[in-house]
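Once you scroll down, you'll see the structures, which are given as structure tokens.
Here chain A shows up in two complexes: once beside chain B, once beside chain C.
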Partner chain A sequence: MTTVDRFWRVFAREVQAAVRTRSFLALTLVTGVAIFGVATAGGGPAGGYVPTVVDVLVVVEILVPTLAFAVGYRAMADPIARGELDVMETYPLPTWGYVGGTYAGRAVVLMAVVGVPLAALGVHVAMTAGPETSVFASHRGVDSPLLYLRFLALTLLYGLVSLSLVVLLSVIAGSRSRALVLALAGGLVLTVGGDVAVFAALDGGLLTSDSLGGALAVTPAGAYRGLVFDQVLYVAVPTRSSFVSGWLATTALVGWWVATLAGAAAVAHLR
Partner chain B sequence: MRLTLSLWQMVAVFGLVVSIVVFGAAFVADLSSERPDPVSFDRTVQRGITMADEQRALGRDVSIPRAEVFYSQYRYVVGYVGLDRTVAALTEPGHKQQFGYPLAVYVSDYSGAGATCGENGTLRASGTTGWTAASEAHYVVNGSARAPSGPVVVPFGTPDDAATFADRCGGRVVDWSTIQNLSFAEEGAVAVREQVPDRRATANETVQTARRLDTRPVSVVVGEDAPTVEAAIEAAPPNTTVVVPNGTYREQVTIDEPITLRGRNATLNGGGNGTVVTVTADRVGITDLSVTGVGNQTVGNTSTASDSAWDATVTAAYGNSDAAVTARNASRLYISNITVETPSSGFVLRQTPDAVVENVIVNGTAAWEDGFMGVVGMHAGIVVQHSTFRGGRDGIYLHRADGTVVRDNTLRDDRFGVHLMYTSSALVADNTARDQEYAGVVVMTNPDGNAIVGNDVRDAGSGIMMAGSRSYVGHNVVANTTRGLSANAGRSLYEHNVVYGSDIGITAATVLPSNTVTENDFVANDQHAVSGPGPLRWYTEDGRGNYWSGAYDLSADDGATVAQPYSPTDTVDEQLHHSDAAVVLREAPSIRALRALRGTTPGFRRGSIVDTHPLAAPANPETVAMLRNETTTEASP
Partner chain C sequence: MTADPSLSTDDLTKSYGDVIALDSVSLDVPASAVTGFVGPNGSGKTTLLELLLGIERPTLGTVEYNGPEAVRRFGYLPQQPTFRPGFTVAETAAFYAGLVNDDPDRLLDTVGLAAVADRPVTGLSGGMRRLLGIAQALAADPPVVVLDEPASGLDPAMSERIFEVIEAIAAEGRTVVLSSHDLPLVERTADYLAVLESGEVRATGSPASLRERTGGPLHETFTSLLAGETSVVTGGSDE
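== the complex of A and B ==
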């Protein structure tokens, strides 16, 4: 058996377990209801893709880390508590492979929970958005399904980063009860902490208008929001264009992703 | 086992690759390269010309250059008549925030259209004009080419055609960026507001001049110097007064000399067939009479329309009803203190510049369908003031009566109180309208520069229904109507109005939002506002919006404006003045999250209205207090 096969087994086990777990299906449905509800209440889908993103952005930014924590907080804590990692020592599968496989399996679940409702919303927009009257000639303006696709891609990337952070915390926790507490703390840091820190730094004079964009781009939530503004909502605000540095924000998101995953593997290895 | 596993592995790798490619492509694609094709001008949302000007242009075969603009954030294609209007609109403050930037601009292409500047420079095209991209067109400016509204900028697809036209009609050839830097600033509705005192003063002068007709020396007294009124009129020398003493006179008379006919408790009875008094001379005065026995013909026979004017059928239909007094082609007519009982019209005034009608009472039919107009004013500006109109179809009906002043009248129990058709630059002020079947004041057919000021409309179908452009609607009171204000006039200013106790406060009906709505009070309406098709409208100007009863502030401080934006078309906000529970819902995190970024896409939003700085207290507190007081008094026995 190659390393890839063993990685695949861990991954497949996670996915199969999730498919058997009805609660993930329920979670997907509830997420769908929440996202559709917010979008419908805002009226965005009748207007187009960009107004829809505007309507759901704030809710999605909170929802994605929350769902990531729901999907992943026990991902490593349970196996560690059951002693599976110790058993691993005797197998020719490196710890990083085990952590990676578990992460990849949970990531597929999270992608489904977040991605399916958002994709469905995109299809809904495609079917409902249009002019209110056909008396006048109409056109699409700058609105485009590609913009929505960008939003979907950025949201999924944000989900992957959130999940890697929670897997790291799950490894650190090592038990189910501690995993819950750590996951909640991590969720708060992710959704509120980064922005509050940037705000405090701005308030305290540590940041200037020149460094603000850079500091925001370094936090996961700030990078995600900045990229959505930069790549999707910029068409709606023609007078502004440089919200955050696109490269810095992308690098930061990928950096957080890789670093937290590597951290999770390292901590698991040390256990 | 190994095989199926490999299959799933292949599926996984395939899915991963497809996702990366699709998502990657979404970021790589250049979204700004698309440029929509021009559409038929009829299908654009249009702005820039009055219907009367358009009809005149059609009649005289004038060609007016047009433009089509596709905005990044506005779903409909906007059509402009006149390039000056186009540039003025594109450079308007706040235009970009509302519509986004122009994705594409097309202008009429006069290349190959046989453009000429005819008599007086009138721009004509023998062929049809196509479309050309504005950025690539060549423009002839400052030449002699003209449209009814003034000089025109003429665009050509090729530089040679532009140069040839400039040689023939004068002017120089410039490009699009130069055009955009020329100043075409239009006078806005604020200018109309500033004109209100002047319009009042001009009307005062007209009235003063007309009243002098009432001081002419008496030359003939009916019954003493002449047997009949008609005979007295014939006997009277010009610029004198014919007196009609107490009594009823069964006569129809024609006044074809500049004299004044004055009654002393006299009644003229026309016998119930046709018009009672017909005026064909300038400077005629008719005062202090009762008129009865008016014929019952209302709508004229349109097949008798004789002249070739574009509005000949309208003139025939609306200008031929039986009336107490009909005047044609007579200037400076003065009508005062006349009481009329009529099954048709009171006064039909066609082409009577500076006619004054004051202190008259017209009692029309009980059912509006049976009667006609209190006053018909056609083809010239007139003054109607201090009069009472009851019943009949419309109290005052104006057709192409630019510059008319209608003020201090009482209008009751009819279809429309004051009805403007193709009438620009009018002033409708301080009238009281009650119990109109359809509307207190109605403006139709896209006129320009009207001022509707200080009117009080109650218990009517609609309060004030606007149309046209660049109009001023200020200081009016509208209460207990089905629809209070219909803001269907564009580029107009609606301020200091109070709309109270109506089913719908204000209806935003223009597809193209361009109005300023500020310092109005919307109180105790079922729904403060509804919005027609088109994008989000901002009802705030210079940091001040309107007072909407129910709009609230958690901080509850004594600021002039409420900290939270208010959207009268929002599902939650529109409940705020009906239920305090709406306050709780409004503060829900999800609702707040929903609203957080909403303002960023106004152009894409369907029919909604937002006031970013709602007023904390009424802008017109005395009027609101008076209306509240009246309502409570009525409610309690």
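== the complex of A and C ==
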């Protein structure tokens, strides 16, 4: 039996626990209602995929970290409080394997909670929008299901990054009550903190309008938003160009993902 | 204590800021025997167990493991074992057993929980939770089993049952290290004792040798040691 086998054991238990937790099903339904409500109110689904993304982007940008915190804030705080992490140290499973397995299991839950409603919205668009949206466009200026798939993929990546930050905070908290407080603080930092910091730096002269795009691209929310504009919205609008560097935003998102997960494993190991 | 220790500590010290939880503890934990750590609350028993397990890192000093190589060197029962809600006893045992390719039914049989295998872990009594914790500690058949207050807060009958299980697993040749306040049961079960107070080891020896120091039952020895009767301590200590 290898460390990878043990990793999958932890992963499978997380998924199994989630399947038995009805509140996650309720969370998925509520998310669906919220997303469909916003999209329908904006009229996007009748217009196509890109108008739908325009309608839901702001809500999704806030909703995804919020859902990540709901799914993950107890992920490591509970095992630490239960003493399970101490017991696990006596098993031939490195701390990173336990943290990673727990994270991966919760990630599946989050992907379902976020992905299912968004995928359903995509299907809804396919059934309600005009026939011109049904083509898989290979050139700019045309709405396409491919653009919506990009939006879905970027949103799921943003969810994974949000969840890894939540798991890090959960390890640091070490108890359910502290985890809740840290999760709320982390949610605020993730959703508005980055933008506020960047604009404060701009106001204070630390940034210029030339470096604004780069600064926005290194915050998780800014990177996600920038990539959605670059890879989804502006693709359908040939005259517009991205306000952040695509490679910088991608690097930043992946960097946040890897750094926070590695941080969670390191903090758990050093506890 | 003996020439064949499973674990040896040398000047083991643990402090949290200005608070010294354990102060220069040097002792041997004999192999294939039951060693009991006794002492008042806050004396450093749990800290010593966690240092032996490697869960805590010492501020100073070392812990040396001299036992056989194994997939899992230590089994561990924490002081208040709790398990992930939403799972049954069988599923919980299967999770831990699955981490080391062991048979969960064997583990539950060993501690006598096979009859409640389908019960949710949240529906277990405190004693049954301890037994499930011991079952988990036995996964992969570790050569050393560490039990932190295995019977604290339990009724006498359940405490008796827990110690019977401990005696059974020790009889299979394992090294068992435990902490407890239940002196009669510890006296009956342990082959060696270490009396701790204020982070220091006051005395070590077999229950019989410690009892001889006061001529009465072990709790009298315990009380006299902690009352600072240094003549008793220095007169017969094995250290």
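By our rule, the second predicted complex is superposed on the first by the 256 of 271 C-alpha atoms of A that agree within 3 Å, B and C clash if a C-alpha of one lies under 4 Å from a C-alpha of the other, contacts with A are read in each partner's own complex, and residues count from 1 in each chain.
To be clear about the criterion, a contact is a pair of C-beta atoms (placed from the backbone, for glycine too) under 8 Å apart; a residue touches a chain by one contact, two chains touch by 3 or more.
Remember, predicted model here, so these are calculated numbers, not experimental data.
Of the two partner chains placed by the overlay, neither chain B nor chain C lies in contact with A:V196. By the touch criterion stated above, A:V58 is placed in contact with chain B alone, chain C being left untouched. In the superposition on chain A, A:A17 contacts chain C only, with no contact to chain B.
In the superposition on chain A, A:L188 makes contact with neither chain B nor chain C. Shared-chain residue A:D86: touches chain C; no touch with chain B. If you count the residues of chain A touched by chain B and by chain C, you find the higher number for B.
Residue contacts after overlaying the shared chain place A:R6 against chain C, while chain B stays out of touching range. Within the complex formed with chain A, the residues of chain C that make contact are 50, 53-55, 71-76, 78-84, 86-87, 95-96, 98-101, 136-137, 139-140, 142. Contact residues of chain A toward chain C in the complex are 1, 6, 9, 13, 16-17, 20-21, 78-79, 82-84, 86-87, 89-93. The part of chain B that touches chain A in the complex is made up of residues 5, 8-9, 22-23, 25-27, 29, 31-32, 36, 39-40, 43-45, 70-77, 96, 100-101, 103, 511, 533-534, 571, 590-591, 593-594, 596-598, 600-601, 603-608. By the touch criterion given at the top, residues 5, 8, 12, 38, 41-43, 46-48, 50-51, 54-55, 57-59, 62, 131-133, 135-144, 146-147, 149-150, 152-153, 231, 233, 235-239 of chain A touch chain B in their complex.
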